[in-house]
């Protein structure tokens, strides 16, 4: 989540320059095409993007999905064929964009961020997913291959599904829905993570726990940054500002919008929990420390008067009557024991022990 | 209050899929029907939801209440008969919704959250209550049986009540009012809880107190999240945006709106109190610790000079004149006592004791 | 300031039920009437509210003031005669309302909160004051007898005053002004209180000081809650939304509005001061503690090396040359004194003393 | 900055009562008049305000400045002659107003607050400056004599200045500009103050430093309160809502507006610095304390084992072989020295020293 | 970043006074001119600004860049020739302006702030860059020579670039884009700085680290202040409010706007990181301190009971049986060793070591 770095390498370039700034995430871009209407489905894996162009003019809905953005010639070919604005092409490959929606003549450009969570390293990575929605086509771009759109493909294959009977706008909705839904999976993982850290906090907090908490906090902030603009986008889309989205689809967009609000709520809840954990950690560490210091101080406090008594009878005065008593030593020992016991009882009474 | 978990199990499903995500809270869904107008009341408990359908076309107001959402066939039947949108059906059973109001052709869909408080475990549970308000019917959905709507039923039975003379919109208002009023009960319970914890804080704060405070804080945050959208909903409804609510009912909606604001005010007050308690706890714990350390250090500080004096006369120099005095030992003891008393006086004078 | 409790006893009641929820604050409601125009003033104390009704239709301005809300029959009679909405009657007696203004056909209903401060217990109590403003009458309701409106009465008796020449809307303004002005008295008292606590903080902070600070903080929050909605009300009124307020009166309402802003500013300032006091208290307590610990530790630190020297010459080696010196003991004493003085000088040089 | 006190003495008064609530700041109000147009300037000091009235009807711009508000007869005379609203007169003398702008028929009433800083006591005092802008006159009111408007007078005397060629609205702008510019002087003083305190923080923080920081913080909050409404005023004026301000003057008002924003920015920056200083103070105090405690504890820790060794050879067992060695004492001394050196090395290695 | 100081020296001056308030940053102002259209480019370095004026009336785009603002005669000449408002001239040289955009008859005045970061001193300096955009000319002003606009010059020289085919508005966009892009470079530097400080925090936090963190925090706040108004400016420009910006350029302005949002996001992220570092620093310092105190206290705690035992056998009672045992001394030593080992084991078991 360091957009600064990515973008810095672009400084001074002319706008519209197509230079991929993300890491090269796959070997070769993978292009898949699904063309469907109520009566047929055609799924193909394409070698060259140009094979997709003839589908454009048919009445059916065409969905082209591109995994991998480093082959800028593909992006350029798409840009030329579909008449995309140079800035759109730039944003497609410059993968540090904030989620946004931009309307152009004849198409809508939607940038979303998809998050993935690695439970091993507690790392949340996010990836840019862009959609181009045209009259009867959707082109989706991912930085690397993923299975996030598989349920949508499954629903297209299902002849009875609403997806088959609806237009490209509904497909775009379904893809956005898939991305938003994926946040719930991430949040669930994070929630479990947080619960296990909470348990650790109670049983055995270490410096590592603190670092995990700090990592979680930072990731919460990162997540928040990528979810809040999503809310804004969906709010705008569901108000029906774009003519490409039909009236009947708007209610579905409102549904995704509601989900986004839920995601935000959950992120905020988790953030509150993490903040609370930080407080708990600090106060538990300080409690432990205090406990240690208290016990040690009590030990010292008990022995200091005893040592004083011993010192007393170590004095070399010529006339110390007690020293001459045959049982003096044992009486002194018992006196010391008595002092120690009284102090312990006092400490216990004061609830210091 | 973990919406993330509930929703995660739905990821990838087609929108409009009716799959109940809450816990199965009752054995069999309970369906009750009340049909009334100014002149008659009819109360029935239905075996099958279909028995309710014929009431629809009469001029009287029909209220169907369903406790238990796991029998999705009931939801589906209602959806079909009343022409509900698939997303409404989905939201009915997917019980992690935020409070919201959605207007559809011919009906309004209202989602509220009802909270219940268990004083034993200090747990606040919340439950989704949904209302469908049509021209002359209201359908209400609860996750489990409850007595929250009993006062409303009582008022319907009362021939003189305003409820009997009014339409379905007033019934919907009465149900929302019952839910908002219930928050006051919860808040009263929480208020008492907080007061008792406050007392505990003063008399004997323990680690358990801290945990109760943290639980309370989290519940306050949860409550806040479920009350704030309520405010928004009622604000919209009372502005009269929906044609289903008659002008005369709007003033009542404004009244519920005022109550919601009061609930929010109270939640914020309690939250402030809980935050204050956390501060008090931390400073009282640290005060206690400081007190302990101070007393212990004072004991050590008094004995260290005394031990030094004893050590002095334990030295083996050939010529220590005091050692030869017959009353030397007693003079030394008295000198030590004097030093101790002087130090104690000094400490008291400095207000360290 | 516990609106939750008051309202909880009302849960489940039909809206418009007239049930007084406050404490019964006076024995019998006291009803006073002032009827005036430019040429005459008539002041009466009424036995029964019905005696006030004939004044309504005269051209003069009629002000009915009712102290005590527990005699609901009075409220009901007023409601019937003046045609008040049931919810207005409910809000009149249900004295936990937020300040608000509601416009109805033919009258405006204004709810304000008046605060009184008891310097003995440092308690701020607030009381609901409601106004009904009609075409040529004002009805005011207080929970108990008070002298807050006396200056207004005095101004009515004054033949030359603007009040006599103006309508009922100006009277309503004058009453609101009296209530807002009363906040300044409260704030002055609180300000003095805070200053005296601040002095205490510097001279001798105790645990009681902390509790007073916490009480003040909570009262500040309470005051804030009752003043902020006031601002909103006056903002709306001064924009001239209600036809009952004449153009010439609006500028006076703007003046009250300005006063409300001043009250808010003062409350915020005092709140900042209280927050600052809390910080000062904590750091001063911790400073005192540190001071104690430092001095004690220094005492111990000085004696520990001295004790070591004494212990050295308490060893029983056969050959310790110093022990045989006739002046050895005195030289040892002087050496110890030297060590002590050097350490003290060092501590002073390091500014630890 | 205690508006509450000032206003409290006014409670219960009829609105429009002209009672000066500030301290009586000058012996006798001083009235100066400048009448100018492009071709002439006339400067006079007036004995009686009535001498100013004839200038009103001439075409030239008349600026009457009154220093001192306790002679309410002057205010009353102005009010009568210029037809000012009673509330304007009240606000003129009741000098605890927030900055505001109010438009009346034929004139605009502007209240500003001017701040002065006393570097000796670190006190910021603020004073109310009011302006009445009419068609071709400006009347300005200050609580006491000051030199803040001298540069404006100088510019009027300058025949070539834009001021001479412009109307009364430009004069009002020039006066406001002078007041806003004065904030920069205050802020510069405060900035230097803060820098010197920051240096003190690094070299020798004392309890006095803390108090200075708290004073600064409070003054920042006070400044903020008096600057923020200024912004609002100027924002409204520069939008050209008042017909008394000509189009050509608006761009100058925008310039003052920009300056106000700069003042706010600077106040916020300084506030951040002060907040940071508080943190630094606390952590530096705690660092110093820790440093002391650490060194003292290290001293004790080194001598405690040494004392133990000495104690060992002070034991009276019949058979302690070491005691019989002729060089035993010296070996013991060297052993102790070795232990001490090793401990010191260890502490240094652990970077505790 | 001390605008207060700069501006204070201007107090009392007539508006429109051209007095350069920044440091004199270059010896002699450097004036460069580029005149271009699709078919030609002409680059010149001018001796006198008057040489630029004839280019104005040609159809080509003219870009005049002035490095150094202390030669006010240049500014005045430009002002006269291009008919700039006196306040614009004042703002050009008074280099403490906030970023802003102001529209005048025939030209737009844009003030931006350019930041530069010195990695040696960790100082961020900012500099005012102003643009005047007219119908077919752009005049840019920088406080000193810099290479920030070099890539734009390069793109102008490139015959195929979009810049050559577009008007002056696109040039203004390109310049703004260059400035915004430069923020990314700064942020990257800061990001690396923060990472290295973070590492230092983990390995060896010192007081210097704290100061670096505080410096970073303050710089973050400064950056924030200079970026936020930028956002506002670009938001206004991209909405197309100014007729000087053509429709086709607006989409590019939206792109810069997006970049600004990214800059803000990054600044906020870094700010969060710095805040987190502060917390980490404080808790790590306190951890270290606690660690030290704990170990030292443990050492003392172990030796205090041992010293007591030694003291015991140093007592001079006539009858202490152990003293007479030939192996008594060695048994005592072993007993002491046993006590020490047991205590160490206990401490380890309690995880105090």
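Chains: A, B, C, D and E, in written order; residue numbering restarts at 1 for each.
Criterion: a residue touches a chain if its C-beta (ideal position, glycine included) is under 8 Å from a C-beta of that chain, and two chains touch if they have at least 3 such contacts.
Keep in mind that this is a model prediction, so the values were computed, not measured.
*Asks:* Which chains contact both subunit B and subunit D?
*Replies:* Chains in contact with subunit B as well as subunit D: C.
*Asks:* Between copies subunit A and subunit C, what's the superposition rotation on C-alpha atoms, in steps of 5 degrees?
*Replies:* It works out to 145 degrees.
*Asks:* Counting in whole Å, what is the centre-to-centre distance of subunit A and subunit E, each centre being its mean C-alpha position?
*Replies:* The separation of the two C-alpha centroids amounts to 27 Å.
*Asks:* Could you give the separation in Å between the centres of subunit B and subunit E, each centre being the mean of its C-alpha atoms?
*Replies:* Comparing mean C-alpha positions, subunit E is 44 Å from subunit B.
*Asks:* If you look at subunit E, which of its residues touch at least two other chains?
*Replies:* 293, 297, 300, 304, 307, 311, 314-316, 320
*Asks:* Mapping chain-to-chain touches, which pattern fits: line, ring, star, complete or other?
*Replies:* Shape = ring; chains linked end to end, path closes on itself.
*Asks:* Which subunit A residues qualify as touching subunit B in the complex?
*Replies:* 150-151, 155, 161-163, 177-178, 181-182, 184-185, 187-188, 191, 251-252, 254-255, 258-259, 261-262, 265-266, 268-269, 272-273, 276, 279-280, 283, 287, 290, 293-294, 297-298, 300-301, 304-305, 307-308, 311-312, 314-321, 350, 352
*Asks:* How about subunit C: which of its residues touch subunit B in the complex?
*Replies:* Where subunit C meets subunit B, its residues are 1-5, 7-8, 10-16, 85, 87, 90-91, 96-98, 100, 102, 207, 210, 214, 217-218, 221-222, 225, 278, 282, 285, 289, 292-293, 296-297, 299-300, 303-304, 306-307, 310-311, 313-316, 320, 322-329, 332-333.
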